[in-house]
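Here subunit A shows up in two complexes: once beside subunit B, once beside subunit C.
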Partner chain A sequence: MRKPNTPVIGLEIHVQMKTGSKLFCACSTDYIGAVPNTNVCPVCLGLPGTLPVVNRKAVEYAVRTGLALGSRIGLSTRFHRKNYFYPDLPKAYQISQYDVPLAVGGHLPIGEEQDRKWIRITRLHLEEDAGKLVHSARDGRLGNSEYSLVDYNRGGVPLMEIVSEPELATPSEARDFVSRLRQLVRFLGVSDGDMEKGSLRVDANISLTGPDGELGTKVEVKNMNSLRALERALEYEIARQQECLGRGERILQETRHWDDGKGVTCGTRGKEEAHDYRYFPDPDLPPLVLSRDFVEEQRRLLPELPWDLKERFVREHRLSIEDASVLTELPGIAKYYEKCIREGANPLRAANWIRTEVMRVLNEKRISIEAFALSPEKFCGLLARIETGAVSTTLAKELFEKMVDENLSVDEALKKAGSPSGKVTGDDLRKMVNLVLERERLTVEEIQTGKDAKGKKRSFLCGLVMRESKGQADPGEVRKILAEILDR
Partner chain B sequence: MNAVEIVKAVKDARIPATEITGKAIERIRQVDSEVRALLTPLFERALEKAAEIDRKIEHNQDPGPLAGVPVVVKDNLCMRGLKTTCGSRMLENWCPPYDASVIRFLEEAGAVVLGKTNMDEFAMGSSTENSAFFPTANPWDRERVPGGSSGGSAAAVACGYAPLALGSDTGGSIRQPAAFCGVYGLKPTYGLVSRFGLVAFASSLDQVGPFSRSVEDLALALNVLSRPDPADATSSRRKRPDYTACLGKDDLKGLKVGVVTEFENYPVQPEIREALAKIEAILRGAGAEFVPVSLPATIEAGLPCYYILAPAEASSNLARYDGVRYGISAKAENLMDLYMKTRGLGFGPEVKRRILTGTYVLSSGYYDAYYLVAQKARIRISREFREAFLHADLLLMPTTPTLPFRKGEHQDDPIQMYLSDVFTLPVNLAGLPGLSLNAGYSSSGLPVGVQFVGPKWGEETLLAAAEAVERVLGKPACALGGD
Partner chain C sequence: MPIGKDEILRIARLGRLFVSEEEVGPLQRHLNGILEHFERLKRLDLEGIDPFALEEEATGFLREDAVSAWAGREEVLQQAPNREGDFFRVPRILEENEEEVSPDERR
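On to the complex of A and B.
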């Protein structure tokens, strides 16, 4: 039983699938940036006489996702028509699955080991995306617009709708759920899961339990375009509903839009139109019948799931949960890391370097790891030099910059660093040490008068020399020379 | 000349395709002002296509199995860049950017399309009076209707515009006008002929099929039309036979013909009863046996079942005509106004009636009582036919309960109009093939039709039986003094 006044959150998530072609025609799924109404054909425009033919790949992708969630795959399912008039829907019905979805049940883990929670999945089904309307009104709404423009480039792009049970208790759990699902579809390679671009869209149903713990009136919140927006919208909505109830008012069953700029949810103005979608089986599409072999084939094609991979990273490479989480957030990063391990890199050092240096570069350049020029082999060459002490951390960072910019191996980068002999040693090094000590006379005095019990100042000097040598000196030799001079 | 003869003459280079086409055009010019079977003539285009065939002959290239055969096609079949109106104001000037698969099949086979034929708006009707543009006359009595909804195609073949025509049949729209106009009309098994490019009325019932004035032409046309089509998910992938190969048999020995007991007491005009008896005698003479079969649910539930399911699908199929993308678009104040005005102006009364019915039976609260019950009845009807075909190879049935009625006779009584489909629509519900053939003429000179109904994929049996009748009665005559 739930406590009174507890939030109960369920999510409906639409995931656009990267199937190459649309759900029922050969048009591309890659429509972003295309001139409006150029990524269309008679079928996805719903021209009279045209007929849909199901894209096999969309079925494969959805089945794989269902299997990864532990859902039961329906071997005989069908498509329905959801009828309603709207200019972005060229046939005036959306082909969707209704009474018999492609997958039923399953679950998605949220939270970390100690407080892991498995959120149950209600269903997963296939449907087609609609076009996009651009309203001329300043508030972007149809009602106040003098005219509206419609772009059908997106119409017919395959969607998976994934519905969770209302088992999420907080906005942060909801956020975690969406982020885990996003991670999953990225690992499966079925979607880019980009909320900002709209390839992953979340609607949330939220209610507060009543005094006896019974379920309250459900409000649907839409239009959250990022994980943060989702969390904020839910926080706002919980507070709003609590206030409402606190004033003794009733919660209205309605759909509310999240306004990210204002940080509020707004009810749809005027009367909510009760929709009767007049669902009925689409007579243009025979039942979708899948063989057991087909489903097993999809199961064989499943990669290691991200949460399993994360646990393995912790177990096998002794990474912290945080490191493992970051490295398994995106499949490309995880793959890069694993390649480094296979190249013999120190797991902790590789993890640390990828988390900090590699990801910093990716962020700065706004590229994905797939577009990152430096191969794991070259990258590991650098890590190996750090491991043996041949290259100091400071120098390594400089070399890394060069290697990334010019796609160099560590040796090539060292050559370019302007130290052809590679090493500063012997008399050259002794000269360099003296030069540094000359500049740091104060520190030298302090050491010599016994004010460096912990050896920190000595290390400081050592670091200065290393920097002076652009990392080309051996730290051991530097310490030896320093000792000779200072302890004289 | 029928299609088979034309193909021969053209392939042997005895008559150029352009000459055949020219003659057909001449014939149309001579009588179409009276019959009004064509909505859009395509004469120039046809002559160009015919010239292409002649060039192929000249260069010894295969011109295809329908080389030079003039055809007319119902105006709900899309032809690239040409008007495809569906007999509706809504699509008055709409030109699709693609060809229907069957049009492609025909033209690849060398057929020459002469024009688009008149029809009841969106194929809804049984008289071609629901055309938004003008009614078509029955060539045998111009005061009467040619049947519908493919009335233009049937009348065109009856008058000898072309030896072949295409229609579509959702509840009898090929067979009923074939009977009214005294020609052959074949509704193939659901899934045999592609629906891609056929503007949908009721997707689970619609099939495209041919009209002709000879059985061999019907078989020849079916060979071309029945190609499997990956663009239509309901197109069957089974291998198609050569439909002309079943012809030319000496007799029908061993053929079992079923007669539906429940139809015995159904009110049918006496001329049609007599025609059924005549055909029975001919088939018996050819060696066929007759057996009684029973279709109680079909008789009881067929009509209401059809008039729930077909409008339900139509209400959804026709929802796309909203004035936003193509077709007419009314001047309007806002979105709802645009929908209401466009659809108010664009659709005729019968289409509106069916959209309303269909919307109603799919609405929440009524779905279970109407749509679902009708779906169950449909399954029962299919099963009943399947069982009947355990005892019979084909069924002999009336095509219609009456002879061609007068123009305007049923215009104010939709139920009477719907009743004219009572023998044809169960065949669509069960997805079976049905062939309507001419069995002679009434004393007043009106054609009298009957139909053969076969099991799924049983087209060959229907063609063979029709040929046996043709051998006795001869090929159907040409109306209005044509040959």
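On to the complex of A and C.
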């Protein structure tokens, strides 16, 4: 039983799926930046006499997500009409799923290892997105608009609505849940999961338990466009409800909007009729019947799930949980890292370099890893040189910049690093080696008395010479000279 | 339970339909007729019958995810009661609890 005054949070998440066409017609889903009302047709404009036909890919994506969540996939489900009157909905109903959703049950893990919590999923269903309203008031406020402008480009874009059980106890757990779900849909390749762009939208239900631990009145909070906003909105709402109850007031069952600028939630006045959606089965659509083969095919297409991948990185590559979390946040980064491992990179060094240098460049250039020019092969060439000591870390960072900017291999970058005349070789190099050995007498002695079975100390000396030469020496020549002197 | 006048008016309001005083009576009779028919259907013994039994054969056809553009958008925009450039223009959105506008004013 819950303790009194405990927050109880449930989430409803709408995820736009990355299909090319809409859920029930062949119009493009690519609406961002498109000229208003260009991706429209008689079906998604709700013109009479048209019939919706379900997009196979949208069903595949939703089934794949359901399977990844461990939900039971319904082999025979149906579409309902959710009726409400609003200009962003040209048919005056949204095609959705009601009493027989595509997937039921399942769970999503939040938290790390020892305090891992599996949050249960209530359901997952398919529905269509609505159009967009642009308000014409000079101050842009809804209430002061003279009229509204409607763009139906987004209307009919496939959504899956995923509902969690009210099992989240804190705003940070809610945030974790959304970020894990976002990670999942990205790994599955079914959505870009971008909250700012609106391809992943979160509504939260929140209540506080009463004196005997019984569930309190639910308040719905909407309009949170980032993980940070979600967390802040819930924190605000918990404090507001606690204050309300502290003053002996009742909590009103209502929908409140998060105002990110002001940092408050605002009530939308009296909505007693708003929830009368008069659902009924859509007679235009036959039941959605899937074969077991269809579902099994989707199961076969599931990639390694992000939380499993993270655990494997920790186990196999001895990464810290933090390193593994960062590397598995985006599928592209995880793939890049794994390619580096296959190229023979030292797992810790590769993790470090990707977390710091590679991700810094991605941030600076505002690009994704998919657009990152430097191949894992070339990148690993650099890591290997650091490993052998042929290149110092400082020099490596310089070389890395060059390699990224001009897509060079490490050798090409080394060549470019200095003019050929600046190359240190022959007697100059020999002098430099002697200088280094002079400073590192202890190491030399250790090598000469056989305390360097793995050759690590030799590599260390080689690295020091390379650093001394500012990378202008040839590591092979350095090793040769070192051998001549040390094995004399 | 037959539908009363209030229920008729509520349904009309939800659908943003204007129903005059004279229309309430006939609508009430009409809708109650439909409901009576469903009451009769409800009395049938359907124990053990799959509600989807007759639909299985007409299972849904799934469309491949192919994009094609439609050429008629200009025509539709032109026929809209109001347009503004590339947009459909609609009356300002009512805040809850605000006064209802009559159907004629909405145009």
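In this section, the second predicted complex is superposed on the first by the 406 of 488 C-alpha atoms of A that agree within 3 Å, B and C clash if a C-alpha of one lies under 4 Å from a C-alpha of the other, contacts with A are read in each partner's own complex, and residues count from 1 in each chain.
Criterion: a contact is a pair of C-beta atoms (placed from the backbone, for glycine too) under 8 Å apart; a residue touches a chain by one contact, two chains touch by 3 or more.
Bear in mind that the values here come from a model prediction, so they are computed numbers and not experimental data.
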| item | value |
| --- | --- |
| Partner chain(s) touched by A:Val54 [first = subunit B, second = subunit C, both, neither] | both |
| Subunit B versus subunit C as contact partner of A:Lys91, first or second or both or neither | first |
| Partner chain in contact with A:Pro286 - subunit B first, subunit C second, else both or neither | both |
| Which superposed partner A:Leu45 touches (first subunit B, second subunit C, both, neither) | both |
| Partner chain(s) touched by A:Gly261 [first = subunit B, second = subunit C, both, neither] | neither |
| Touched partner set for A:Pro211, first subunit B, second subunit C, both or neither | neither |
| Touching partner for A:Val35 - first (subunit B), second (subunit C), both, neither | second |
| Touched partner set for A:Gly248, first subunit B, second subunit C, both or neither | neither |
| Touching partner for A:Asp276 - first (subunit B), second (subunit C), both, neither | both |
| Greater subunit A contact set [subunit C / subunit B] | C |
| Residues of subunit A that lie at the interface with subunit B and also at the interface with subunit C | 42, 45, 47, 53-54, 83, 85, 87, 92, 142, 150, 276, 278, 285-286 |
| Complex interface listing, subunit C residues touching subunit A | 10, 13-16, 52, 55-56, 58-70, 72-73, 76-77, 82, 84-93, 95-97 |
| Residue numbers on subunit B that touch subunit A, as the complex places them | 76-78, 84, 86, 91, 94, 96-98, 100, 195-200, 202-204, 230-234, 312-313, 315-316, 319-320, 322, 324-326, 335, 339, 359, 362-364, 367, 371 |
| Of subunit A, residues touching subunit C in the complex | 19-21, 26-28, 35-42, 45, 47, 53-59, 76, 78, 83-87, 92, 133-135, 142-143, 145-152, 268-271, 273-274, 276, 278, 285-289 |
| Contact footprint of subunit B on subunit A as seen in their complex | 42, 45-54, 81, 83, 85, 87, 90-93, 142, 150, 276, 278-280, 283-286 |
